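Every chain is named by a letter (A, B, C and D) in the order it is written, and numbering of its residues begins at 1.
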Amino acid sequence: MMQTSITQAMALIYRGDLILAFRRWEQIAQPVVFLAMVTTLVPLALSPELGELREIAGGVLWIAALLAALLGLEFLYRSDHADGTLEQMLLSGQPLALIALAKTAAHWTASGLPLVLVSPLLAVGLGVPADALVVLMTSLALGTGILSSLGAVGAALTLGLRRGSVLLSLLVLPLAMPALIFGARAVDMAIHGEVARGPLLLLGAMFVLSLTLSPMAVAAALRISQE
Amino acid sequence: MNLSDFLAMGGYAAFVWPSFGLTLIMLILNVRNARRMHALAREHALRRLDAARKPT
Amino acid sequence: MNWTWFHKLASPPHFYRLAGRITPWLGWPAFLLIVIGLYGGLVLAPPDYQQGDAFRIVYVHAPSAWMSMFIYGMMAIAAAIGLIWRIKLAHAVAAAAAPVGAWFTFVTLVTGSLWGRPMWGTWWQWDARMTSELILLFLYLGLIALRASIDDRERADRASAVLALVGVVNLPIIHYSVYWWNTLHQGSTITKFGKPSITFDMLWPLLVMFVAFKLFFGMVLMLRVRGEVLRRERDASWLREELTR
Amino acid sequence: MLRGVSLELAAGQVVHIAGSNGVGKTTLLRVLAGLLTAEQGGVSWQGRPVTASFEVYAATLAYLGHSDALKADFTARENLRHEVGLRRDVTPAEIDDALARVGLAGCRDLPARVLSAGQRRRLAMARVMLSAASLWILDEPFTNLDHVGVVLLSGVIAEQLDAGGAVIIAAHQPPAIPRHTVRCVELV
């Protein structure tokens, strides 16, 4: 009996996690509803004037998406830790970092992607012109990707801790600030009709960096947390 | 350079002295905390040693 | 190069005794240098032609800022040593350094704000250096909070070590993105707030203060590490002989 | 704190770790499984230290801890497919055979959360059987099992030993494994 190849194992985890996520769809809906709610708070708090809202739309959407993604991080390793399947993953004989990468990808698809897909609807509500929506979605896709991979390290470190969720945001948000700077800037430029290549490229670079480095940190953190 | 000019700090006394004051407080506080933390740990260790020596 | 000195240094009883011996050798020189530095900075150094006497705050602000970065870097190195070679002492050093680093960062922020008030007219200015210093404070608080919320000491040490390493990798990224973000929004008209043009009699007290803060940190670190070692060497045999000496 | 424990195990042998609660049975098993690292000493498999290449050792090992390691929302079949599938290519037929073997043929497509504790333990047992590992480390495998379950598990362990595998069991009462003598190690 041949040992499963790592790609098969990763595909299996990716599919498995997505099936589980969709069976608990209310977990998926939470970040999206949160994003929608926060972006409706803004006009109520500031002004219904689309012209004014357009000025701050980039920042608002990005901050709301970041916090919504942070909300999604809760479910990353918590259920595996609780029901003991995490131990079996550690003992599966597959490289843990790649398993962590598969889990992060599944988590992003279940929590980051919905945010990206729903963001254009909310952006229109904040007066964002149609041609800026593509940049908005690209930047949010990269941003939620960065947050998922960096957040995975935080989630793994705070596994099973009492008030883990408050701690998780304290650990992860400072690391996500550079992404916020470039992401919001890119959307802002797009809204004002400028070409947002620069910030998007830097955001892409950060995404690649966090995608390659964080699985190793997650693997180390998982071993430490379950000991 | 008499004392009152020195204290006036060219009109910026309200900013210079609090800065230096806070820094000195921080330095002293750190020393006190470090000392207290070490003494506490030492006492704790001694108590554990005594507890271990007495046959329960 | 034989590694025996490294293993000898890493053994808790040896380090505990060594730390005890060198603490006074760090403490008193630090105290002396601080007095000299302050005297030089407050009395001898001429006022800055642009900022007047307000610039003297640099004598506590700059060394603290440098220490806040230095301690984080040193903590990351100690964390890496602790994780890779599983040396408990390295984790003890990292655990001891974190609060002191946080204190230095806090002082940097407050003195920076006090210095900024007369210059900018506001208590807080989202200036590049102050913003990245503030984020550094969040990183320190994150580390301390993580270590505090894990009961098992072994896991707390290693979890904080991983976080310190992730943080130190992100530090330059945060630093440069904040600088880029700052120059972008503020444009290039920032006042010449950088290091004021420094003559020698302004400079030497600053160097003295830098050295003094380093020695001070050394002393406080030694004290705290001794405490951390005692917490970790719960039932080591050498403890009885050492403590009852 | 566990001190001064050394254990030698060859193919086809079964060891029973006995000892009262809290003496460190689970800790020992977790160290043997590589989930915990011992401060002194180490675990070696086929002569080589486990930490050298942990993945190789993990591939030859099946660990059953206190928790059944099952996903509540997965059905019995899905649980096996996803957990065993991580280790080796397992066909649906093999899964159904294993489920039948442990007497869960009836609830193949029931989510694990509706199964009783005994059924969940049998499902975990099926996972250990399917993992085709040469070393089994079982922590209190008989908990929640009824008499039929205990006989079933003992039979399965016997087969594993016949096939040259090794089994370490931590339990309160000594297990009765047919055709094999159980070596007992008492932790004090």
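Here, a residue touches a chain if its C-beta (ideal position, glycine included) is under 8 Å from a C-beta of that chain, and two chains touch if they have at least 3 such contacts.
It should be emphasised that the depicted structure is a prediction, and the values quoted were computed from it without experimental measurement.
Colleague: How far is the middle of subunit A from the middle of subunit D, if each middle is the mean of its Cα atoms, in Å?
Modeller: The computed centroid separation for subunit A versus subunit D comes out at 36 Å.
Colleague: Averaged over CA atoms, how far is the centre of subunit C from the centre of subunit D? Could you give it in whole Å?
Modeller: Whole-Å distance between the two chain centres: 49.
Colleague: Could you put a whole-Å number on the gap between the CA centroids of subunit B and subunit C?
Modeller: Averaging C-alpha atoms per chain gives centres 15 Å apart.
Colleague: Just give me the whole-number Å value for how far the CA centre of subunit B lies from that of subunit D.
Modeller: Comparing mean C-alpha positions, subunit D is 55 Å from subunit B.
Colleague: By residue number and range, which residues of subunit D touch two or more other chains?
Modeller: None at all.
Colleague: Can you list the residues of subunit A that touch 2 or more other chains?
Modeller: Residue numbers touching two or more other chains: 227.
Colleague: Using the touch rule from the top of the page, what residues of subunit C touch 2 or more other chains?
Modeller: none
Colleague: Given which chains touch which, is the overall layout a line, a ring, a star, complete, or other?
Modeller: line
Colleague: If you go through all the chains, which pairs of them touch?
Modeller: A-C, A-D, B-C
Colleague: Report the residues of subunit B in contact with subunit C in the complex, numbered from low to high.
Modeller: Of all residues in subunit B, those touching subunit C are 1, 6, 9-12, 15-16, 18-20, 22-23, 26-27, 29-31, 33-35, 37-38, 40-42, 44-46, 48-49, 52.
Colleague: Can you check the complex and tell me which residues of subunit C touch subunit A?
Modeller: Result: residues 83, 135, 138-139, 141-142, 145-146, 149-150, 154-155, 158-159, 162-163, 165-167, 169-170, 173-174, 177-178, 180-181, 184 of subunit C touch subunit A.
Colleague: Where on subunit A does subunit D make contact in their complex?
Modeller: On the subunit A side, the touching residues are 1-4, 8-9, 12-13, 16, 19-20, 23-24, 79, 83-85, 87-95, 99, 226-227.
Colleague: Over in the complex, which subunit C residues touch subunit B? Could you list them?
Modeller: Its residues touching subunit B are 27, 34, 38, 42-43, 47, 52-54, 56-57, 60-61, 64, 99-100, 103-104, 106-107, 110-111, 114-115, 117-118, 216, 219-220, 223-224, 226-228, 230-231, 233-235, 239-240, 243-244.
Colleague: Touching subunit C in the complex: which residues of subunit A?
Modeller: 150, 153, 157-158, 161-164, 167, 170-171, 173-175, 177-178, 181-182, 185, 202, 206, 209, 213-214, 217, 220-221, 224-225, 227
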